[in-house]
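Chain IDs A, B, C and D follow the sequence of writing; residue 1 opens each chain.
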Amino acid sequence: MTVRIGVIGTGAIGQEHIQRLSKKLVGSQVVAINDINETAAKTAVNRIGIDAQFYANAHDLIKASDVDAIVVTSWGPTHEEFVLASIAAGKPVFCEKPLAVTAAGCKKIVDAEIKHGKRLVQVGFMRPFDSTYRQLKSALDNDEIGQPLLLNCKHFNPEVGDSYTTDMAIVDTLIHELDVLRWLLDDDYTSARVIYPRKTSKASSHLMDPQIVILETKKGIVINTEIFVNCQYGYDIQCEVVGETGIASLPEPTQVPFRKGGNLQRAILVDWKKRFIDAYDVELQAFINNIVTGNFTEGASAWDGYAAAVAADACVKAQQTGNVEAIVMPATPSFYKK
Amino acid sequence: MTVRIGVIGTGAIGQEHIQRLSKKLVGSQVVAINDINETAAKTAVNRIGIDAQFYANAHDLIKASDVDAIVVTSWGPTHEEFVLASIAAGKPVFCEKPLAVTAAGCKKIVDAEIKHGKRLVQVGFMRPFDSTYRQLKSALDNDEIGQPLLLNCKHFNPEVGDSYTTDMAIVDTLIHELDVLRWLLDDDYTSARVIYPRKTSKASSHLMDPQIVILETKKGIVINTEIFVNCQYGYDIQCEVVGETGIASLPEPTQVPFRKGGNLQRAILVDWKKRFIDAYDVELQAFINNIVTGNFTEGASAWDGYAAAVAADACVKAQQTGNVEAIVMPATPSFYKK
Amino acid sequence: MTVRIGVIGTGAIGQEHIQRLSKKLVGSQVVAINDINETAAKTAVNRIGIDAQFYANAHDLIKASDVDAIVVTSWGPTHEEFVLASIAAGKPVFCEKPLAVTAAGCKKIVDAEIKHGKRLVQVGFMRPFDSTYRQLKSALDNDEIGQPLLLNCKHFNPEVGDSYTTDMAIVDTLIHELDVLRWLLDDDYTSARVIYPRKTSKASSHLMDPQIVILETKKGIVINTEIFVNCQYGYDIQCEVVGETGIASLPEPTQVPFRKGGNLQRAILVDWKKRFIDAYDVELQAFINNIVTGNFTEGASAWDGYAAAVAADACVKAQQTGNVEAIVMPATPSFYKK
Amino acid sequence: MTVRIGVIGTGAIGQEHIQRLSKKLVGSQVVAINDINETAAKTAVNRIGIDAQFYANAHDLIKASDVDAIVVTSWGPTHEEFVLASIAAGKPVFCEKPLAVTAAGCKKIVDAEIKHGKRLVQVGFMRPFDSTYRQLKSALDNDEIGQPLLLNCKHFNPEVGDSYTTDMAIVDTLIHELDVLRWLLDDDYTSARVIYPRKTSKASSHLMDPQIVILETKKGIVINTEIFVNCQYGYDIQCEVVGETGIASLPEPTQVPFRKGGNLQRAILVDWKKRFIDAYDVELQAFINNIVTGNFTEGASAWDGYAAAVAADACVKAQQTGNVEAIVMPATPSFYKK
């Protein structure tokens, strides 16, 4: 069985996903595309070397009889509309983050999916598909360090442009930790607070950088996350879990160890695109497998997308108030239990 | 285009390759199988869930009109015959190591392929497809440490059974280094000598273990390789290259770093199957891609298989004589130049 | 010149210092001892093999004409009295931590010393004499990572007895970080808050463990320190400094790297006594050198002891209130500027 | 008791030892000096700030009634004469390496010392006093990896001057491994061979660099040692011991780990003087303690100096012949058993 896919939005990430779904993964074929720029879209699929029907209107693509499933990689504010339309059409849909730009929008999707009665939505959070995070989760699940008590995470970028604003540290950057840590710990957040350390001289005048976000969870775990988007030295994702009997850490990406120039050294990635590139393959393959088996057991659900949005809202509020802000999430509906 | 593949030999490695070619890789389908045990063969493909024609005779499979390419995973001594038959049939063939059990047999295949006029043969040496060896080769090719001068390698297994004999340290174990180091250094061996250190008390009485094999190359590089197949602690593959300006080493497989029980530690693999499991996927995908593009640019050629056999013969002789034994390889024919 | 020393308090640490001052360091001699247990004191010096006069009254020892300098290693609550008496006698005094059990007591010593007009007091904070902390400080002072912005520290013990109470995490444990981080950063604290993560099941019912103490400094640096005194796995002191252009960390104590039993591993200390044992030698030698040169340039001053006490008071308050508690330290008097 | 020492030879290493013996170590005092350059010698001791009698003739210094022990740091070819004279005077003598420039010279000293009937000679091999080698030896002695089977060692220098010749790789460089590995393994060498890998372009035309020396021992251990004196990247001393159940390695010198400039890195020493500087202190303190206790239990004996010379002779011969050269050492006399 080959899953016939329609892709909405053929920008950079859209094109990468088309490439994956056409050339690298098993069981999928891109048969339809939509974009606001028809010429660019057609050029892109030609370059990739596939034959896909162009739709000027995304809703026509969603409804097309030869399209089995939808991939939404358009501009963020359009996600909600297209995901809801896909659910209405009863078709599986993979939506790049964010699922919706507001928690309310995410909730609307959750409600629609529950009403539909069967899971259809996978959200594009790729970190749980990354092999190093999976190794770390296995360590926790195998009780290698006892119950987790506290975490120390880093999300460091070498630098950002002037358009990057203080709240983007949450909604664009921390959002990945907000997703992956729920999955890692099988837990939900209860509060967030933000502390601003001494500001780096490398950041724009309008940007607080670095920032520390401290989250607490239902199990009482405290998560200390540092966001530092002008750290200069590299793209560095760290996650250390302190448990009752030991510490487990996210493995570093594999690099050649050198002895040269007076140093024992190995490279830290600078380009973020390389860090999780393999995870995107696994993530999209999981989407196809979910469709083929008829069972959405892998990947972030609409509920996960909603949970990330609720947590992000509280973190942004905490950025502004300086207070401990509550994160109020209802219990996971049985519909979404794994 | 889907490459239709016939697999000769459906033992453990054969079944793994059938699984890969059917379920994991892009562009291939297993349509035919042969084995000396018909029942076991049929059971295996049923379990994998594919529909493949059973051939009682391997030569019928090779000639079958719906078989585009052959994968040989039968008993070693049969390889030569089936590879030669595949060449005679003008069909691409992937042959697990060894290409033939003698250097003369390998040479016969080389001659047949050259006579055929187009490359058809890929030998199942998987290490050049391993991502850590590729990172190391990139480092050398990017001149990170200048010209390589000497290497230190380890091929350690936790333990072997009583049937493992001293010469198997060369033909079963070192054979992988003999292949991958030629590729890594883009060089050929000129001599080998073997030194037996103090013997471990963990080895059978008939087995010399560990052994040190010292190879020299045309470029003058000296390679010190330790084979230790009862090292107890793990399956450990190491490769360190000392260059004119620095040292580069094979990265360790990714593992979670722990602090626990009075140690800062991370696991060393014990099961060899896990070490290069991803490399098998890349290797077989390269075989399919070679067929699709009509150009055997990737993977070990028949010439590489021949070179490994010639070097192994010299190493075995060196085991017996204690002398420096010459390794005489003609220059690579242009037919095999990459 | 040999400095003749009188030691007040000949318990465990007192005996170790007597041993050092008599047998290991250059330029000192223990000539007088005092303890509440005369027999034990005399036995101790006999065992060490020195000839020292026993004084039943510490004040007599302080005033003795053949005693050039005092070392106070008696019970904490007595420190203030003996240090003040030493200053009154115009004699250099090395006092184990705490300088006094209250900040007010420390302040009294500061005032007395300033009034005396010349520095006489060194407080027994040994970490700034530890070679790994010194390497880290050199890295910062050499501008290897730009201005420090935030720190992550750990003070982990394998386990503590039932008598260890929640406030001891500050006054007995964190007190070392409170001293060494001021020195490392050349900065003063402005606030403290305490967060209690999920409690380990390994701690006594009355003990909050682990604890997170977050300090802020005049320069705006945020310090995240984890205290975990039942971490099970070892005695682990960590200090990571995130600067504007990189991260520098406290080196791990030197240990043999092993490959054994399926792990790549090296030991983490379990016994805290071994971690800073060399630092004690350097610290006491500095005391002797300070006396010989007549210039107290090295080691913690009475002011440093006072600063640690003020910070500890705020941390204990923060443990109780859950609030951000201000740490109010006057500017360092020029008398104590280094 | 203070040991009064006379130092013969006040060049660089002589001055360093005078400094140590006068200012840093316990129980010694330099009271006499001799050098071929009187002015320089006097200037040196003035700078160090001690009052020592200058002797124009070394033999007068050796015989001086207020000199308890001799330290020989003069030009290598003079060592034998001064050590023999010290033995004749019945005085303890510390002699920098080499003990004598020929094995025969070393043997003469051994014979004289045995005839004297009591150990007096300590040779200046400092590596057994280095804390990292001691940690490695402890690991072996504690049976952490079972019986040692083979070793891989490196002695790398960043660069050498034009006056450095191929044989100096043995007599100046490898000599330290020849000493420390006998001590580490409690074993004696039986043979040596030398292999010359591809030569680095960074070496003088007359120098073979790098070189591999392969030693075998009475226990059958094979030692692979690489000497590379123009390795460019640092002063790097490595020692890896493969045992029956695991591998133990010499710890790296402690350095701050950094994340900076796209690398995870820590420094490798470039200046060899820093690598074993602490070991010199321990070594000389052991000499003083040996004298005080009247029992030469620590440090390299004249026999050890002789053994290193015999092994070095065989290695130099192996450099020239390309053959496996026997190293013939008589059993250690009971006089020298530890």
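Convention: a residue touches a chain if its C-beta (ideal position, glycine included) is under 8 Å from a C-beta of that chain, and two chains touch if they have at least 3 such contacts.
Just so you know, these numbers come straight off a predicted model, no measurement behind them.
*Asks:* Going by the touch criterion stated earlier, list every chain that contacts subunit A and also contacts subunit C.
*Replies:* B, D
*Asks:* From the centre of subunit B, which other chain's Cα mean sits the farthest off?
*Replies:* C
*Asks:* Which whole number of Å gives the spacing of the CA centres of subunit A and subunit B?
*Replies:* Those two chain centres are 38 Å apart.
*Asks:* Taking each chain's centre as the mean position of its Cα atoms, how many Å separate subunit B from subunit D?
*Replies:* Their C-alpha centroids are separated by 46 Å.
*Asks:* For subunit B and subunit C, let me know how many angstrom lie between their CA-based centres, rounded off.
*Replies:* 59
*Asks:* Subunit B: which residues touch two or more other chains?
*Replies:* 232-233, 245-247, 252, 259-261, 266
*Asks:* Hey, which residues of subunit A end up touching subunit B in the complex?
*Replies:* 23-26, 131-132, 135-136, 138-139, 144-145, 245-261, 266
*Asks:* Enumerate the contact residues on subunit A facing subunit D in the complex.
*Replies:* Interface residues on the subunit A side: 232-234, 236, 252, 259-268, 270.
*Asks:* Spell out the part of subunit C that touches subunit A in their complex, as residue ranges.
*Replies:* Listed in rising order, the residues of subunit C that touch subunit A are 146-150, 152, 195-202, 210, 212, 214, 216, 219-222, 224, 226, 228, 231-233, 242, 244-247.
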